[in-house]
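Per-chain residue numbering starts at 1, and chain names A, B and C are given in the order in which the chains are listed.
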Amino acid sequence: MAKCFSTLQFHPERCDGCIECMTACAQAKAGTDDLRFSRIRILPSINGSGHELALCRQCADPVCVMNCPSGALTKNADTGVVDWAGDKCVDCLLCTAGCAYAGIVYEAEVGHVSKCDMCDGAPACVAACKNGALEHRTEARLFNGFAEKEDMFCPGLAACHGCNSELLIRHTMRMVGPDSVVAAPPGCIPGMGTVGYNGQTGAKVPIFHSLLTNTATMLAGVKMQYNRVGREVIAVALSGDGGTADAGFQSVSGAAERNDPILFICVDNEGYMNTGMQASGVTPYGSWSSTTPVGGAMQGKRTEAKNLPVIMTMHNCSYVATASPAFLEDYYAKLAKAIEVSKTGMAYLHVYTPCPTGWRFPSSMTTEVCRMQVRTNFVALWEYDPENGLRFTHKVDRPEPVSNYLKMIGKYRHLSEEQVAHIQRTVDDKIAYLDQLTKIETHAAASAH
Amino acid sequence: MHSKYLIVGSSHAALEGATAIRLIDSDGTLAMLTRDARLPYSPTILPYVVSGRSRPDKVKLRDESYFRANAIDFVSDATVASLDPAQQSLCLVSGETRRYDKLLIATGAAPALPPVPGLREVPYHVLRSMNDAVGLHEAMQHAKSALVLGAGLIGMHAAENMAEARIGVCVVEMQRHALSGYFEPRASTIIERTFTRNGIRMLMGRTLQRVERAGEGCRATLSDGSTIEADLLLVCTGVKPNMDFLAGSGIETEAGILVDDRMRTSAPNVWAAGDVAQARGFWGDKVLNGILPNAVEQGRIAGLDMADDAGLQPFPGAVPLNTYSFFGQQAISVGRAHADDGVDVKESGDDDKGVYRRIALKDGKLIGIATINDFIDAGVMWQLILRGTDLSAVRDKFIADPMLTGRQLMSQTWR
Amino acid sequence: MSVATAKERPNTNTPRSVVVEGNEAAAIGVGLSRPDVVAVYPITPQSSLVEHISQMIADGRLNASLMNVEGEHAVLNGLQGVALAGGRTFTATSGPGIAFMFEPYVRTPGLRLPMVASLVTRDLLSPQCVWGGQQDAMVVREAGWIQMHCETVQEILDTTVMAYKIAEHRDVMLPVNVCHDGNYLSFGVTRVELPEQEQVDKFLGPAATNWHIALDPLRPMGVDPLTGGSGGPGARNFVRYRKGECRGMQNALRVISEVHAEWAERFGRSHAPLIEEYRLDDADYALVTIGGMTGAAKDAVDIARDQGEAVGLIKVKTFRPFPLEAMTKALAKVNRVGVVDRSVSFGWNSGPVYAETLGALYHTGKPIPAVSFIGGLAGADITAEHFARAIALTRDLKWQSGPREPVWLNEND
């Protein structure tokens, strides 16, 4: 299995052009302040108002390596760094023809090509950056850790092209591990074959095709019995939004109120996608669905989506968080907490998972859609526990207008300007409301518990 | 023997083809045949072997562990004699038959000998294989004088190597200037002058009339009537695709094997890539584009298509490109910098200092750039051409500092 | 013989008998059966049953986990989880409760989960009504649960314990409803004899609920994957499961009889397992009854016998699976039959037990006059006088001249 690697991320909006990073690089690589020896290059923006970066991206499929006739360049399978061996290099410069970003360049003073080597995992440029414009992203360790864990689902699950739910449940169950019981109520997740067909299973863990209405309680029963006999088993629900917000809500609410020790994950695709894209209680205002169609008398859903994760916080269960598949490290952190919490109380994760089939957008765009949901505040990423209250985990300082998100999605194609303005208002209101929740002093509540 | 994927050749196009196949299909049987006896190496490295800078055993592009890890059956000393696309089989010189589901022809090119009377009767060298390079390196140990026929990249490289080895070198080129495929006359002149300064006789615009044996070496008579005697004769007058074995196969060829933008030949289940392939040029007709980056890209596209990659991006068209180091100096050419047909051309530099820059724009888009001793990022320029980036708004900035402007533009696209 | 209420009864030094209502007798039976988890949700007239159990757990007299859930639907869902994890379960419900429970209820037999639940029978809405009646049991009679209807408070206790042994029998593996009439039996207070815990432990043995399917990381499997379709393996699999359920039901007839016999042997109390024949052998005609009404019916039969009437009685205890063979044998002894139902078959315009009795009559090869009586709806009392009327009407039945309509016993009360 391919490995993931640490990388350098540039945040141009934080860069003030001080070029301390370049000095640090020249010092680290050549013991000089001569910036021509720096392998990272901060450039002024072409319009003069910001900064650009020329730096080796340590590509996964490095064309510089492919173009090298001498074997001097290799992609290091352990570190991911594109290594350059000076003793093999013949200075032909063909590598520079392979790089679209000027990551490997020739400097006459240096005498041959040079490129970033990531300083053996401790980049000097990052240490020198005062503004956090350069970030050493090491989440790869996390991904690799996941890769080493066993996939708890069989190959060949039949999710739609571009569906993030399969990715989500595979990642989730890798972390949860084999000592678990999974319940999947009717919907896309069993529909893609997780519970199997005709007596054959799609999972390596015990998995149950629970009812749409009963998942939380059923799992609570499983967990209760294992607690009785002293066995530690993680009880996981992989439910859609119908099985959580609508028909399943009574069960979810009851389990949350009792703080049943289960991990309930709502994979929210904003409707009944498996049965043909009907609307659910969390289908957003204005959204086309097969039961909130668009016609002369009706232009998509006429009511708002209920904010289910916020409702869940009102149950005072042990942990509630929202997540997006485009922000997996955020999700991993929350999942790790949720797994731990679920040993003693209820953990509820609400994951917003756009549906390319039902929402009408290209299957290649799913992760972009996820990103844009967060960038526009259409989706807010936060977590809650009774002791510490609610806090944002990925606050968006300058959100893009929600129209940038809506126009990506076919199910909003019909929206009028008034409807878009209305959605923008509700998004703003939602964030303002969540913001108020983050400010609640919870010490009293904590001591009361 | 049968394999799902069969690749003939073992250089850049072949290797990238194999790697691409393995990205998609980790199980399908894959065999790679090469006429060479060695592990894969790059023809581009040969001048450095000639000079002694690179040792033959240190320039492998892949070693056995690569083939093992990727489950590739690497077969050396295997020369193809004929191909039968209908039977999906090919015949080796050894008589062995190989069957395939999908075939990639990446056999590269071989030296093309000019029709010079007497040439085949005298000892001469070419430079296309490792054996050629080793042989030439050996011969240089004893030679005092050398005649290099052809002032292309290989010939120029070799001439430089010989001069550095204190051999008296004479380069004879039919065209009026050296490296005329990449540089227009002004740039070529700067390069030729450097060669001349380093003691190399540059006889441009001349052809060989006749060659005859003279002692251990040869005597050549040029079109201007002069004669040159040399211990060593190196013929670098271009290459021709290795495709003789296609005779009778029905596969369409012109100068090379004709391929479409997915590197498919006219025969089902047969692909071709690299120096042997004649693919669409970025600006029009199908062309041979015998450069390493082209082989890499074509090999990769062919491999992905053979493995049915759904997300395959077809070949954008061949763009000439080269980076050339000579006597510690650098010349870089991307695209059609020498174009002069209705083109916005800016030339600058200082011929005496050997600094040169020529930028060719058309309709606000870059179509070529060439520099000497004025570093530009060839990859950045290549992308600006391929992407058709509109430079109208930044034309002056680009003319003033193409390297900086190019980097700025590409940095923006990466975010 | 010492007498004490269950609440005062200490865990050790168990008294041999107590005076309790029917719901508490069921609770005692549950306690003796040592379930792992009891899920509770109140509904009249069942509530005191789960209250008694909750108190037993609160007092530490019963080492079970108490699941306080948000409705009957959740009750059964939670217990399915427990059973799939290997636990023994109990719950109780009634009337609208079983209606709400219906979705997981119909699924339990298909999962072959040997769960035991009391069904304190109640009439169904509407008209709005909180009183006894057996409409709830009759509505769910094709859900695949075993149904045993009790006649007395003692039988409730004893049958509740026996239900676990029947449900968990390897040849059965089906859920059991132990039914007793709301109001009359649920709140009727009598003395009951208590089995010894040690004896019950020996009788029941350890729980065996998930040897066939389990949600257990030690033996992972997909439980209830999708099946069915227009043909091929899906349809074939489905048939295999359905036939298995039917076979389990038929096996239950044998197992119920064996378990009742073993109970009589171990505890000295005998209850008719499938049907009870009362004064039937020399009878010319008979009443058919089900559940708590049978006591009054037997009194009426005794009175009629004293008056020289050759009347007998057949009590249905096990209604699901329907004891066809036993019924056929019993019906073959008489020439006229009147069937008293506490519920309605809307489709047949009769009582449901009546309709099924007609089905059994077919197997006697002897068509005889029969009449449907419907009484005791919505908590109404069916007295000895009502039964006397039923006896008289049945005695006078003639072939094809009897009433085509059901006789509504409480219509003119």
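Basically, contacts are C-beta pairs under 8 Å (C-beta built on N, C-alpha and C of every residue); 3 or more make two chains touch, one makes a residue touch a chain.
Everything quoted here is computed from the prediction, not taken from an experiment.
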item: Highest C-beta pair count, chain pair; value: A-C
item: Chain at the geometric heart of the assembly (C-alpha centres); value: A
item: Where subunit A and subunit B are represented by their mean Cα positions, the distance between them in whole Å; value: 44
item: Whole-Å gap between the CA centroids of subunit A and subunit C; value: 53
item: Centre-to-centre distance between subunit C and subunit B (centres being mean Cα positions), rounded to whole Å; value: 90
item: Subunit C, residues touching no fewer than two other chains; value: none
item: Residue numbers on subunit C that touch subunit A, as the complex places them; value: 36-37, 39, 65, 67-71, 73-74, 76-87, 103-104, 107, 214-217, 219-227, 233-234, 237
item: Partner subunit A, residues of subunit B touching it in the complex; value: 12, 16, 42-45, 48, 53-54, 58-61, 292-293, 296, 300, 321, 323-325, 330, 332, 334, 373, 375, 377-380, 382-383, 394, 397, 403-415
item: Sites on subunit A touched by subunit C in the complex; value: 178-181, 190, 194-211, 213-214, 217-229, 233, 250-251, 253-254, 257-258
item: Subunit B-touching residues of subunit A, taken from the complex the two chains share; value: 12, 41, 43-46, 52-54, 57, 63-64, 66-67, 69-71, 88, 90-94, 96-102, 105-108
